[in-house]
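Structures given as structure tokens follow.
After this come two complexes, each holding subunit A, first together with subunit B and then together with subunit C.
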Partner chain A sequence: MNRFLATDALRKWVPLLVLVGLCLFFTALNPNFLSLRNFARIAISSSPALMVAIGVTFVILMGSIDLSMEGTVAVCAVVFALILNALGGTIAGRGWVALPAALLVGAALGAINGIVHVKLRIPSFMASLSLGFVGIGLSLLITGGDRILIDDPPFRSLLTVRVEGFPLMAYAALACLLVAWFIQDHTTVGRNFYAVGGGEDLARASGLNVGRLRIIGFVLAGVFYALGAIFAVARLGIAETETGRNFMFMSITSVVVGGTALRGGEGGVWNTLVGVLIVNVIGNGMVVIGLADYFQDGVLGLLVIAAVYLSTDRRSLSFVK
Partner chain B sequence: MFELVNVEKRYMGVHVLKGVDFRIDDGEIVGLVGENGAGKSTLMKVIYGAVQHDAGTLLVDGAPVSFRSPRDAMKRGVGMVYQEQSLIPNLTVMENIFLGFEKPFVRFGAINWKKMAEAARRQLAKVRLDIDPGTITARLTFAQRQLVELAKVLALEERVEGKLVILLDEPTSVLSRDEIELLFSVVRALRHRASFIFVSHRLDEIVALSDRIYVLKDGVVVDVMEAKGADISAIQKKMVGRDINGEYYREDRQAPYDPDRVLLELDHVEIAGQGNDISLTLHAGEVLALVGVEGSGREPILRTIFGMLRPDRGTLRIRGEPVHAFSPAHSVAHGVGYVPRERKVEGIASGMNVFENMTLPQMRNYSHAGVLDIRAERDLAREWIGKLSIKVPSEYADCGNLSGGNQQKVVLAKWRSSGSEIILLDHPTRGLDIGAKEDVYAMIRDMSAHGVGIILVADTLEEAIGLSHTIAVIKDGEIKKWFSCQPKAKPSLYDLIQYMV
Partner chain C sequence: MSFIKTYIERQTLNRRTMLLMSAYGLFGAAATAGLRPGPARAAASNGPRIAWSYRDRTNPYWNAIVSGGNAFVQSLGLPQSALINLINEGSSEKSLSDIQSLLARYGSGVALAVDPNDMPNCRPVVEAVSKAGAYVSTIWNKTDDLHPWDFGDHYVSHMTWSDVGPSEQTARVLFDAMGGKGGVVHLGGIASNNPAIERLAGFRNALKAYPNIQLLAVQAADWDTQKANQVMSGFLTRYGDSIKGVHCASDTMAYGVIEALRAEGIEDMPVVSYDGNPQAVELVTKGKILATVFTNPYWAGGITASLAYYAASGAFKPSAEPHEHREFYGPTTLVTTKDAQDFKARYIDTNPQYDWKNFWALARGQIRYG
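Up next is the complex of A and B:
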């Protein structure tokens, strides 16, 4: 790494600098990028992604990994939509039950994930990847492959009602971020995530119940995936298996680009916010400057590599595996 | 001949080496001693090319050289035998020996394994190690690995002109007595091939092996002496800059323990898989030392008391209550604290700050319904930073960056502040310099005075004798002999050793 980035104090801010740099770059190519309307668009695409990425942040802080988000999001989305439609079709009425129900389903799927990982001693990578597929299958089974339409103005107000130019969804996501930050910095569970990620042996030797903590981490992740599912449904007005699509790459990438270490113990939800914004600004910016569709995925991949290169501290990684 | 003239090094404003002159003649063994933080490891790194000095000159046979990497240094015959062993465990011995230098054995892109094995055997013969070069390194003992490591460095001989300079960094720390003797005899026999720089905390070994001794203190060579007839306490005095007297272990502060308050009792306990039978009693204010050779079964006893191992038979009572649930979480909740030997692995969470480390086992006391009271945590940390004079910029300092002594203070504060009454110390002074050791000894006396019971597995026998009220000599998992250790009536080393081996 070059000398200019050598100090740790500065490195902490690299993801934010990358974000600002990207904004300047896209603005230079097309001044329309820097407009309230466009920022609102970025906020809308970021909100569901932020929830999912926050969920996986907790797991990554513990030094584990969770790849089940696509399945969990899909199941939560369809369960949410089915319950909402079955109970009158509006959250203003009895349909509100769908909200806690979706969160409960997310928590339950997370708990299964955590229990399989901890009790059967299956690496989290494999356990969550497999359970993610199970989730996708489950959501197909529930819907039979159909789309479920949601036409509930109070619920869609998350997208349609705007305050200061931004949709309600953005504020709700911000509120959830604050809750996540509180859990991370001000609760014993959050502190213990860092302890386990920093050194599992140490955590155990300090008398922590590491297995239980891991399960709690996965449950928490599941709840945030469910929040992501709710925002994703609010955004499109549709719940289907496809709702979960792309969240895996988006969320893991966002966490890493934001500067949270994959080995655990370092980083946090604010890093994830910056990471989610970086990934979504790249996606949005390419549309704004008019890059052809078929280019975008490839360029996104390359830009992500560049962002990871700039924002992670490879001096502290003795091996890159 | 290898020489350093007036070498300077600064790290981010800290002046680590202040004009060091260092010379080593062909075939000479030079000892290098100094406290932690005296600049020893930086000096070593400059010599083998891992860091570059800011000012001064390196001379090989009078000609100036510059090493930009360890590989540069190896090309001039300077090699390092690492303390944290640098062999790759899943490769064979010969692959490790020639790692990065496979070229002579490669023809048309393929390695001639027979030829490499032949060459490896020649290297192993130099260190008198009779093993198959095709052995997977992980299967070797630590001592064998150390010798392979030495053989690897000696392989440089055929690639460079002139004599070798070999650095040995704490090579004896993981070896047994016999293995140390073997290593020393190999090193002595290799003098006609190479000169050695020998770094160790164990001054008796330095004196026994070296020809001359360099004493480093605060980045300056404070003395160079002939090893023959050198006095260990004189070297210690030079290292610390003051007298180390008989009050080292604070025997004057050893107060009798309270025989009526039993904190911990092991009643015919059979440690998992050992088939032994251990009974012992720990009283309030008592320091009970478990003494024995490496592998005699001291650590499993500590780990059983801490709940990391479940005993096969027998009863363990904490304050009279029999323990049924064996887990560290249970032990911590009942006031047992454990200061492990591997401080970096089980003692300190690097990346977490001082107060986070201190409250780790006792977060329940610093939270309401899972929400942390960070102000109270910081107050606690500040209180203990003051009490133990822990040298940190603030309670927000990352514990991973502290010196070993300060890390150990944080670990001790963590258990003391959580109200642990039974503290298990596994090599609490390992890797600490003399000043930090004294601080730890003082803390042990403080804890005794407050009625804490301590079970100690000490770094040296002297330490065990000096600190304890009671000594249990352990051999093959069984307690062979008990000693009472009252001040002025302590058993001698000889008394203990005859029961240990």
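Up next is the complex of A and C:
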């Protein structure tokens, strides 16, 4: 078994096999799981999570970590909703400005994150965690703890309009994934993420401005968090501080389960897609097979450990920290 | 040299603000308080300091509690900033340590309104306040063996709400709307929370009277909109068209349920909820939610602070009051599609003018145990 898994070519496909295995498992217990309508439901819950997870994938590829997503998502969601409502309440009119504005806010928060990390030389773990709290505080300050409702039919069509059984949101998320894949594989910045993650000293020695690259990575992550925020608002029609809740666990878990190494330099956005689907299939499947709710959190944790165990080659790790 | 004096004064105030930073929880609240310090604090220093300790500001329920507290301090001629907000973020340890800091700072001159976060935390909070010679009124969380009258005057009162009856009423509204037959699912709060337990119990009571209603599933969604959304999608896969009605233990979860249904193009599923938040009442007027229960957090926020304050100021002597004035149930009002419009006009669009000295105007009798 171990030798079988050790071959790199096969190991790459392990997360996907885990995903397929999970689907078969849940289908065996409840055939309803394997239906277009259920996959559409999984797609809806996955779309915001996928955006946030893609964002943090870039940062993790560089060997850093970003834990600011809950705060950033909350601020972007709230700013998006406020601008949309202030400019007529519909993206069909002047309200469309809210979309780029939210992305800008995400980029700005990411930039602050990156600058604090790089210029003040604070570990990304601490810098981003702290700024995440600042983000949550900021969104509370903006909303005063209230919820902002978005009931704009053109915007909510992301959820309500379906093509081939899937909501528009799923296609939009897929398009963003392709953009992320393009950035990762076909731009200098994308290649450099791998270079820094694989060996920062080497990258530095070959003249790469690592500090600048890190800041770019965090900005990019911020933009994807903003996209996640927009999808999250489209999904529930509510923007509030709570909108960001749970994204930290969800996205980091997805990235790791998908097979991207936390030490950096390995993995990518396609792994993240598989990881997000694994986590959401587990979440959906546990309800679908009717697992008692006091088991669900525990089972989720165990399944995550199992998925990580299967998808990482531990013999290549000299140490685990 | 007056600028030096001003500077020192401001620094003293800033130090005080810093000390209260953890109490305020939010740098924003601290900043606004710091920007306009002078008169507010000067005025408040005459009477007892009024503080509210509660879970968080991301929840409409606690926001309503705080606005009631604000309305009460304004009734004393004080600005809103005179109300000290202690936010425990769901941690009993933080709840207690914030209160201890407050008592260390102001001693006996404190009138505290508090939800101790969980039941065991109530005793240390009450003992700390009582030892400092200050005054406290609690809501929601208290163990059954702890009674205000055992602490003389310092533990002024405890208010809680019995959710079993009202939750049964919403379930009955739901079952009637379903025509008395078909499958139903229940989305509950955090399983160990007292309101979650009571609201589920009420739901189960109603089920007994409707033999043709089939209970499909009960699942905790932790009072959370997003989790409720995901749980409801799972239910739709598991039970599909057998689901004819949804019973939610809170408004916040009902929002997630309604969106999960909307994503499937289901617009007319009977849904009931609990808490009577403004957005939920709005949805009741539109028929999207058939019923919710209003517990009047605005009044609760004001009257709990008022009880502690007037006991501290000596306006009334708690130990001279009967037991039913020291441990009592808060008000619950069922809001249905029939009366939602009227209810909204009276309680949501404006807040009624309450007489904060009429402490037991809306109380519903002494708390019963067992």
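Before moving on, here are some points about what is shown:
Throughout what follows, the second predicted complex is superposed on the first by the 320 of 321 C-alpha atoms of A that agree within 3 Å, B and C clash if a C-alpha of one lies under 4 Å from a C-alpha of the other, contacts with A are read in each partner's own complex, and residues count from 1 in each chain.
Here is the rule we use: a contact is a pair of C-beta atoms (placed from the backbone, for glycine too) under 8 Å apart; a residue touches a chain by one contact, two chains touch by 3 or more.
Since the model is a prediction, treat every value here as computed from it, not as a measurement.
With the C-alpha superposition on subunit A as described, subunit C and subunit B fit side by side in the combined arrangement. Residue contacts after overlaying the shared chain place A:Arg94 against neither subunit B nor subunit C.
Applying the stated contact rule after C-alpha superposition, one finds that A:Gly144 touches subunit C and leaves subunit B untouched.
The partner that reaches more residues of subunit A, of the two candidates subunit B and subunit C, is C.
Annotation: apex subunit A, arms to subunit B and subunit C, angle 130° (C-alpha centres, rounded to a multiple of 10). Look at A:Glu266: by the touch rule set out above, it reaches subunit B but stays clear of subunit C. Of the two partner chains, neither subunit B nor subunit C is touched by A:Lys12. After the two structures are overlaid on chain A, the closest C-alpha atoms of subunit B and subunit C sit 36 Å apart. Comparing the two interfaces of subunit A, the one with subunit B and the one with subunit C have no residue in common.
Those residues of subunit A that touch subunit C in the complex are listed here as 30, 32-33, 35, 37-38, 41, 44-45, 137-138, 140-141, 144-147, 149, 159-160, 167, 232, 235-238, 240-242, 245-246, 283-284, 286-290, 293-294.
Listed in rising order, the residues of subunit A touching subunit B in the complex are 186-189, 191-192, 194-195, 198-199, 201-209, 265-266.
Subunit C meets subunit A in the complex at residues 26-28, 56-60, 62-63, 191, 217, 219-220, 224-227, 229-231, 233-238, 240, 255-256, 259-260, 262-265, 279.
Interface residues of subunit B, counted against subunit A in their complex, comprise 306, 308, 327-329, 331-333, 338, 340, 342, 345-352, 356, 360-361, 363-364, 367, 370-372, 374, 414.
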